[in-house]
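Chains: A, B, C and D, in written order; residue numbering restarts at 1 for each.
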């Protein structure tokens, strides 16, 4: 049967990235507290394509995922990328998993347990320069407006915000470390369960730590600057302003 | 050329609704202050289909829209539905426009002008029972938590929320009336521009009017109950809780 | 500490539904082939609220989920709803889980294995009339246009479409049964992995079974009409037309 | 009233970008055929912030938009950015408008008129290096699979795809030029209205021009390489495969 993908390209240009995306798969992820956790990932997977080939062989991406364990560790991720590079005869392979990640957390006073969810990503790339991972987390947080607090008696508007961190690093980094940095940068963490005495604590604590998105992103950047393993990061914060119908945002990117 | 749509259906079942959706179009809408405003609509348009026909003629929906003025009034909307019913030889025609609607608003103290946007919908139906319109609005608002305010000293968490109203009515109803009902049901309206003295006012005013989603939806329902023209409504509120990563919601539906 | 939720409501109106939504949780679901599968759910949970109470106790919803096993079966789902009704002192409790569901499928010729994903929902309600479940599935499929095939020589446009089924039933129904009905209604199923000989088979087979959205929704309705356990259903199909930038859709709803 | 934004920052780090986003506004855009068109934009607007200031003055972004004409031309856009830079006392200002853009098009045989919509963006940046615009368009198209066509008799699967182009340039570029490049790269354009004789033409024409996403992105890149004004571009294509539940994609980026 004709392999039209191997035909010469009508337009002889190299392609930076070609592959598949919006594929959903069950995934096992390393969990600092529990060892491993089950989640569900959205996958993007691709390679470079030299100028001389008309097309890549798309089915091989899914075959590579199928023959893989589905258990995401540093070693297994490298293996997957190596497999993709081999099957596709490519120089440059990349795979990104995006998934919700769950952490059990106790309410601050009552200690009622609840499960928090964070949208995370693990991006891997393998080429002649070697294997690199970029980790990403999005942590929901609460911000209390410092301006509002300074001018409105004891009252102040607050809102949900999200802190997004992506970083590259040496050695090994837990998603939990990035989530912790993101949550510590705002006026307060958020929780799944809060009893009345917890709600009192969280509200009062957040009002003790008012923060603009500028403060949030600087606090996150400062922690990532101080982190011995982090070599590059992009930190951003978006606040779903409770007094507006738009968001406030701030972003800092730095290669160390 | 063969008209396969007119073939007998392989499975002889009547279809409730068949048509097209996710079509985008420029639209002119009645504006209480300005007379008319330009916006952009997402359109759904359909008819019933008797058991004996294989298919409807989808291109006629777009032709009906094309031959229509694109200027949405009570009379022109009825005309569009009548046109759809005629072209498609249907008993039951329905068209829904969803669009952002803009209203200029002054900040409460400085009177700085700003444009607010509301996601609105106008649904029309024409069948043997006549022509009916259902209007819908989604208004962003601010809610201050009454529980948090009662237990946390002077502090309290607040957040953005959205009040969604859909209603049927006798006579004529402005989108502005529904938006006003929605915004009046919460702790405060939100604004595009707030100078510092406005922000102080809005924050303090919202703290004077703490409201659960339950309070919000009841206030909206109460206003719609009292409205002489409204014959049916569904009122709901969703609050993007600033202390959680989930929403609180409440809903009331009533035929008067 | 003051329980302001138990205060009398300022506006004395009963609320149909009040609760929380957009909460994400790991979930275990019954799997016909494997016994059980891990997935991730988006949860909505709510109750009615009598006119006399100002507010419901939102934290109890999350506590009910926390104290629940997270393992979704008929019996455990009823237990969860009963628990919600009890903790919230409500007459009417409802919980909806929405989650991707995965099924392994072999390519039709090469038998290459691949994982398919389907967006599913399980809605439960418990009130004085008893406990009822509504199941929902969304299955991606392929449609080949019968009109295009009849008039364009051997060529015809095809596209991805989605068949959505929701139904109520007596006894027990597998998600797999509904997915099978949805997939059998279109020109062809879709697959995660297709080798060249599979692609040839799927394309030719789909061209043997051209189907409008009208045909698709009627085939699904016909199968649900014939199903001995189904008591109510809503079947709809949406086709992401490859020759347009809008969708074609059709829907049939029936209480048997 | 205290201007807390002017306080020294607790963490003395410069911020790359701080501003607002998800603000919706009516917008007037240059239209090659009609002179001007009304649409609705989603706006992001921001500046850099030196290490020494705690916060930026967010209300000034909306004030700059309010005092602006809302009529987007090269000159007025530069003026807006200059205004933002001035009001915010910043070195680096950027504004992005994202909006649907409408073009009337006649069906290829019947000449039936229909309105096509394209998601477009205009990004502007003003700093010490001057004023630069980046234009973006997303054009829906149809792709017929060359592999399927080569192996499946006369049949072949087709699907909707989207071609996304972003580019920088010297002089002046119409959105229409980029849309034309995007649409010419695929198997066929798509249309709002197609009568049966048009559908026959479009289907047969598309089958004469089978194209992988690789072919599409190369054709677009080739046209942008040849364009005398374009100085940088990123071209990508995503195909919503009709035989899979995932997308195929390809991307080429080049600074000329």
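Things worth noting here:
Note that a contact is a pair of C-beta atoms (placed from the backbone, for glycine too) under 8 Å apart; a residue touches a chain by one contact, two chains touch by 3 or more.
Please read these numbers as outputs of a predicted model, since none were measured by experiment.
Farthest chain from chain B (centres taken as the mean of C-alpha atoms): A.
More than half of the contact pairs at A-C come back, by residue number, in B-D, the repeat among A-D, B-C or B-D. Chain D has its Cα centroid 25 Å from the Cα centroid of chain A. Chain A and chain B have Cα centroids separated by 34 Å.
Between chain B and chain D the centroid-to-centroid distance comes to 28 Å (mean Cα coordinates, whole Å). Listed for chain D are residues 1, 23-24, 117, 147, 151, 192, 194, 196, 200, 244-246, each touching two or more other chains.
Taken chain by chain, the contacts link every pair, so each chain touches all the others. The touching residues of chain B, when paired with chain A in their complex, are 116-117, 140, 142, 145, 147-148, 151-160, 188, 190-192, 194, 196, 199-200, 202-204, 206-207, 240-246. The touching residues of chain C, when paired with chain B in their complex, are 1-2, 4-5, 9-11, 13-24, 44, 46, 49, 54-56, 58, 146-147, 150-151, 212-215, 217-219, 221-222, 225, 238, 244-253. Chain D makes touch with chain B in their complex at residues 1, 3, 23-26, 37-40, 59, 62-63, 66, 100, 102, 112-115, 117, 192-197, 200.
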